[in-house]
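Below are the structure tokens for one structure; questions will follow.
Chain nomenclature is as follows: A, B, C and D, assigned in order of appearance, with residue numbering initiated at 1 for each chain independently.
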Amino acid sequence: MHGRLTGRTPYAERVRSARLVYLNGALVGDVGAAPAFAGALEAVEGYYALQAERPEIHLARRADGAAIPTSLLVPETAADLAKKRASYKEIADLSFGMLGRTPDFINAAVMALGAHSEVLSSDRHASYEDNARNYYDHVCANNLFIGHGAINPQIDRSVSMGGSGHSHAGVKVVGHDSAGITVSGAKMILTLAPLADELLIFNMPGLQPGDEDFALAFAIPVSAPGLKLICRKSFYKPEYSTFDHPLANRFDEIDSYMILEDAFVPWERVFVFRDVARSNAFYDKTYARNHAGHQGIVRGLAKAELAAGVAVRLAEDLGLAGAPAVQEQLGEIASCLELVKALIARSETEATRSEAGVLTPNIVAIQSMRWNFPRMYQRILEIIRSLAPGSMLAAPIDADFAGENGALLTMALTSAKLPARERIQLLNLAWDLVGDAFGQRQLTYEYYHAGEPGRISAGQYKNYDWRQERLSVARSLEP
Amino acid sequence: MHGRLTGRTPYAERVRSARLVYLNGALVGDVGAAPAFAGALEAVEGYYALQAERPEIHLARRADGAAIPTSLLVPETAADLAKKRASYKEIADLSFGMLGRTPDFINAAVMALGAHSEVLSSDRHASYEDNARNYYDHVCANNLFIGHGAINPQIDRSVSMGGSGHSHAGVKVVGHDSAGITVSGAKMILTLAPLADELLIFNMPGLQPGDEDFALAFAIPVSAPGLKLICRKSFYKPEYSTFDHPLANRFDEIDSYMILEDAFVPWERVFVFRDVARSNAFYDKTYARNHAGHQGIVRGLAKAELAAGVAVRLAEDLGLAGAPAVQEQLGEIASCLELVKALIARSETEATRSEAGVLTPNIVAIQSMRWNFPRMYQRILEIIRSLAPGSMLAAPIDADFAGENGALLTMALTSAKLPARERIQLLNLAWDLVGDAFGQRQLTYEYYHAGEPGRISAGQYKNYDWRQERLSVARSLEP
Amino acid sequence: MHGRLTGRTPYAERVRSARLVYLNGALVGDVGAAPAFAGALEAVEGYYALQAERPEIHLARRADGAAIPTSLLVPETAADLAKKRASYKEIADLSFGMLGRTPDFINAAVMALGAHSEVLSSDRHASYEDNARNYYDHVCANNLFIGHGAINPQIDRSVSMGGSGHSHAGVKVVGHDSAGITVSGAKMILTLAPLADELLIFNMPGLQPGDEDFALAFAIPVSAPGLKLICRKSFYKPEYSTFDHPLANRFDEIDSYMILEDAFVPWERVFVFRDVARSNAFYDKTYARNHAGHQGIVRGLAKAELAAGVAVRLAEDLGLAGAPAVQEQLGEIASCLELVKALIARSETEATRSEAGVLTPNIVAIQSMRWNFPRMYQRILEIIRSLAPGSMLAAPIDADFAGENGALLTMALTSAKLPARERIQLLNLAWDLVGDAFGQRQLTYEYYHAGEPGRISAGQYKNYDWRQERLSVARSLEP
Amino acid sequence: MHGRLTGRTPYAERVRSARLVYLNGALVGDVGAAPAFAGALEAVEGYYALQAERPEIHLARRADGAAIPTSLLVPETAADLAKKRASYKEIADLSFGMLGRTPDFINAAVMALGAHSEVLSSDRHASYEDNARNYYDHVCANNLFIGHGAINPQIDRSVSMGGSGHSHAGVKVVGHDSAGITVSGAKMILTLAPLADELLIFNMPGLQPGDEDFALAFAIPVSAPGLKLICRKSFYKPEYSTFDHPLANRFDEIDSYMILEDAFVPWERVFVFRDVARSNAFYDKTYARNHAGHQGIVRGLAKAELAAGVAVRLAEDLGLAGAPAVQEQLGEIASCLELVKALIARSETEATRSEAGVLTPNIVAIQSMRWNFPRMYQRILEIIRSLAPGSMLAAPIDADFAGENGALLTMALTSAKLPARERIQLLNLAWDLVGDAFGQRQLTYEYYHAGEPGRISAGQYKNYDWRQERLSVARSLEP
């Protein structure tokens, strides 16, 4: 009933293609074999496996009957959005929401770009509109994993990109001919990019006149000559097990710094070329933000559920859940989860149809989540920390249990409520969320992954329909 | 198409019935003629007027065809809940959500009591189950305005009600015979009760063994012998106009302290009699909390909309809306409004059918609002205050504009953005919300009107379905 | 040992001089006889009475042996600052810190202006340096009560004062001749000004080039022709007693909006004339901010002590103080009080000697208080509200106790811990602090009375000596 | 002038004595040679080196003329407290406050125990009073590094220690004879204990009747038979340099879990034996909390200074410091630092003399810091995170600069404001503070290292002198 989707080359092969990925100062020969990437790679493979295992959720059909990942489906009905949500959630649950940039994320955006490519128009070099539409077809046909790079390095915020004269304040066009463009420069925080097939490079809104050379959008294979990915410090700890680090040692979705040196992009893969207005329109006016945001808030729920579960388990297993103050905090967490679920639902029930007929998740609901969710999530972490501040920092490691002190520790740390190893593993899970670099990067991600929060909130003010509110004021002042 | 609902006696007449209401230390002869009650009275009359003006929203039919207020409708379908919501909202908009205890509030609870009266059972004195069902019929048939008294005076929290030996720690049975019961004691914060027809007297959950004498629920007319209502200080300021106090001088829904002295209640109006367990079950197990709560969160939206509108208008009219930090704050308000709307929707989409077949708004969504809404609302007030802290406190009054300085003030206080009087009126509106006793009582109401917040949140923890969260923890710890 | 200080005319006479004060839309014939001003007037009279009652604290001597109020003393030693602090505190305790603009506040600034008048320099019209010095002598000699007006009306913040073309965006020079200057325009939030002898009119820093016409500072008698004070809505409630409103009905230090219409100021009383730079230097470079700020933080302590006492009393008298969560909150209040005391001490121990030899309270400590104190104080109010949210709104009034229900209420509201009237009065006190307009204006005052908080905090960054912090960073990065 | 203090055996030798320390699951043969301990060891050695380098600060004399570390000085004058503060600060600056348990911390407590040992009394087994006094002499004479273990493992908080029947809910006496006692059980969070000479084992207040077997205090050498220290996961990352982790790779003051198996303690080293009341009095009534707390708040300042410096440097070096909102945040940090300094000063100026004549830092000031400091410090971290959320996660590592991409990265990441490596190192420093497990453990430490915050705050309520506050309430209610 559901078609089987087969990219021409399986991902497991594609990911082992040559690419210049640097980790811990050295070139990673084969990202498919690097221990630091193993957990994330398993999750991406899990993403593809779900397409085979549960095609009714994870596969959809194009008008021509071709099977595509659900994230690439152009949604036209509430059921389409619901199906996309179901797919996003199951994918997110593979990593408990810890992987933010699984393929479905940018797929949702690529779909929106394709469907609203008229925003991109054309010039004498190319029809960017056609390019975007064709790129969508290309991603569909090959079931690709597209990463992306949108954030320009924060070199010096007191000057504009163009005004800085700095060659690496972003990605810059350094030449073009009839075949394509040549680009150099840098982007930062390319998450999970070392494991991607191709990268979508663009800018978030905010470019100024004078930034033309940086006003670009294009797609480029990870393996393209001139493209290097320098990974940040890894949160994978080779000296510890997944018992010791249940999350950090499985789900570090490595961020990387991308440098381009005279990399070539054929016109077919260029979507914006030296055009500040279209660069600023790229993410919002194509509704890429809406569709990727829909994925994002569903994924956020998966993360919140794990954190909430940790808080409840800690409270109950450490014998704290009888205290009224603790119950109040756990209830607060429940009230937060409810908000998240309510916003996800609302992003769908208040979806509107775009000019192109695409059922578009409501951006006000999505941005409300973007503002509120990080604060809620941080609050959950603070509650977790307050429940077991000392115990998390007093946990013996896996190897201790295996060693000469194993029996002693097992005896000393077993309570009437749960056995020692289970207790310690739960505390390790808590620490990975609230204390480990892994967890703090996860928190930082929630605050900042969709752009500068102040700018998002200002946009919310500008986009919001204040008619009812203004009417209330006017009526309240009537004599 | 919609029936016309006529109580046997119109409210305007009923409200002028004899009753012992004390305001500013004196007996109010006729509450219908007291200036301090005029605004609230107008709103209650507006409530009844809406039934005539917009019956398609505000009237519904019982199975027997009788027309009843929509708030008394037993909801069976999503459309029923939507209709109730629409009715609640239009009623709330009459007072911008400032009147919390309009008749629809407790009507929703009376409906739930009637539909789930089996919770109340019977004993050798009476069938409380029948009493509750009949009371619903009575309220329907007469289109009454039922106030209520649920909060026991905070005499000394270090002792229990029963243990305190204090006669006025609540309402207490002091005698009973075959006709009914005799009660004495006190309840506090009977909001809008001076304008009601009858009062529903009960306890929120939390009574302890030993509190039997206080473990009562019954209905009693406001005019019953032995019932006195002592009003708190009024926020209505006779020396100022509604220009000066756009809200305080129109919508003070006076709270009162009720004293009962040997008041008689016939068995027909008794719903709980000396039964701690049923007293504790009264509000929750009958789903009165769910239905009244549904009204409450819809009403909250009306209040938030006015406050949000004031913030936006102030920012724009005082020339502040261009500042990024102000835009960020206004966007935060939009994100809060969206949360409120999302929770209201969710309380309905996640409604469940009770044993009695009533479509019951989801309590988790409602209690999430109860936890989050006061904090959001307080945040809106803080933003308003930060926009015009000085200007609110520098406003000339209505009489100044009318007096010798009128022209001068008009000139001095008119800006390119708006004329002086409009500007001052807007600032007065803002001050009523954030600074006046009226506004602080409104804020206090949001925090506490549904019960002690810590207890509500603890209940949220206990009621929440944590299966998904526990599952996430379990899966994350799998090897 | 301490001289007796006698202004030529006693304050009680001076305050009854002719002045154009408008309250509730009407000209107040005699501010000394207006009930709404009675409480504040009593406090100002108390200020003068203290000079007679406790001259060892409240009087000091100038070099020439003349007795002056301690607030006018030029401090040269730690003992001088300690004496000033003691005087400020006793004056503040008269009103529990609720009157922010008692004469000692601006006296401290006038002293600083006199001592550092070289900042004001001179031009071809006048020696402003001499004027300021002479003004100090004048205030000393006459033991005056100087009010002040510094805040320009918030007409339209999107345009500058000068650029707005608005005649009442501040006070503006409209003419000058050899005798003096003629000024028109407006200032807002002139606190307690109706009861003052003279007003010091100036701008807080922040004027821009182009604002020259508004760049003025001068002194003017309250009775000057062309000067009108329009009072905001009064928080004094004629229909209630001081039992009902223990603070609001005694300590409303009315704010007013001042309009000047072609008022004349002789050159001798002009301190800044059409000079943006000196206008911006007026408050900070003369250390007026330091000395007035010293008074301000000492006064703040008096307010915090009352609020803290209310919290403790409520917790204990309502039987809540045994709960760990309540104890934690009360401890938090104690920790806040301690911070306040520590900052006051530090403002003195870290005082520095100005070029003029004046021992100058440390501005970093003072501004730390300005940032932190409002937040702490708001937190105390929130704790108070949480302790008695309902009871505060269920209080019968004074007249109820005197009336037919008096005995009944006395019985019903007396607990084992305290009698009914005492309990209600305590709740009334709490409500005046947290709920009444009086209390919210007090809170607003703490946030904003010393200027825009963001600007104050930015100034704190710019003024702070970051050497130790930079050194720590540098050392931590050494190999 | 300052004597030279020489313990009989130098610390560098003592630390290499045999001890059962387990790290990463294996017995550490020689803690003096373990890379994970190297940084902390260097800091402890730095502590001893300071005694030689700056004896005028770090050495003091006993009455008998013997030189002792300043932390062991019995303070009698303000100058003594100031000297102790100076010593604490220089020691803290060695690690920027990151090492909380340097020898001076517990030294201050040991001094207090010795001086107020009468609290400990005696029984038929021993004079605990003499034992404590002698132990102080012993620590002085040998210039020892005493670690400590006070926190009982959080096995199951729903049951008491004694009631749980759990052998490892704390340290328990399992036998005694005329020579001493035999103890078994566990303590958690023994910070820096692997590098200590001896451990002081005791309980924080809070034991209940029934906990007698756990109600002990004693000293024991780290090398004692039956004592094992199991270290938590190390934050030292062998694969990264101190450029990559400027703090985590230098200052991990490893926490450990201590197990005792039938360890013997001679009566001479026992301070509390099966006595719940004295166990609860041990830390507070001897003023150990005051003196150790004094060290703690001075050390906190060192940490805050580094964090503040990082915020200022980031803002300025990334070109953000011109933004008003950023300036406001940096000013807030300055205001926080000022609070810390003010409290430290107040703890000394408000010191009181104990019965034994010891000048005792004021506990109210210290506990105010304990409540407020973690919140302030967390706020500084949040500001840091907001300044560079992405850049911290986009930093290449030391080895990248050394490798084939070094020149490229240097070019790409150098700005007009600072060179690439300096910039990245600053970001690494920021990440260690806010994102790395090291930094989160530091934050957790500030919240919890002195005991359960709620209990500390409740104690603050109970200890505070509320007379002035009660007086204000009483006076405000006078007619």
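Basically, a contact is a pair of C-beta atoms (placed from the backbone, for glycine too) under 8 Å apart; a residue touches a chain by one contact, two chains touch by 3 or more.
Values in this document were obtained by computation on a predicted structure and should not be read as measured data.
K.L.:
Over half of the interface residue numbers used by both subunit B and subunit C, so same, or under half, so different?
P.N.:
The interface is built from the same residue numbers on each side, given that over half of them are used by both copies.
K.L.:
Determine, using the mean of C-alpha atoms as each chain's centre, which chain is farthest from subunit B.
P.N.:
Centre of mass proxy via C-alpha means gives D as farthest from subunit B.
K.L.:
Would you kindly tell me how far, in whole Å, the mean C-alpha position of subunit C lies from that of subunit A?
P.N.:
Whole-Å distance between the two chain centres: 52.
K.L.:
Counting only Cα atoms for the centres, state how far subunit B is from subunit C in Å.
P.N.:
39
K.L.:
From the C-alpha centre of subunit A to that of subunit B, how far is it in Å?
P.N.:
Inter-chain centre distance comes to 43 Å.
K.L.:
Which subunit B residues sit where two or more other chains touch them?
P.N.:
In subunit B, the residues touching two or more other chains are 324-325, 454.
K.L.:
Any idea which subunit D residues touch subunit C in the complex?
P.N.:
93, 96, 242, 246-247, 302, 305-306, 308-310, 312-313, 324-325, 327-339, 341-343, 345-346, 349, 364-365, 367-368, 371-372, 422, 425-426, 429, 453-464, 466, 468-473, 475-477, 479
K.L.:
Which bits of subunit B are touching subunit C when the two form their complex?
P.N.:
Touching subunit C from subunit B are residues 22, 24-27, 151, 153-159, 164, 166-168, 186, 188-189, 228, 230, 232-233, 237-240, 244-245, 255-257, 259, 261, 318-320, 322, 325, 385, 388-400, 402-405, 408-409, 411-413, 415-417, 431, 434-437, 439-441, 444, 447-448, 454.
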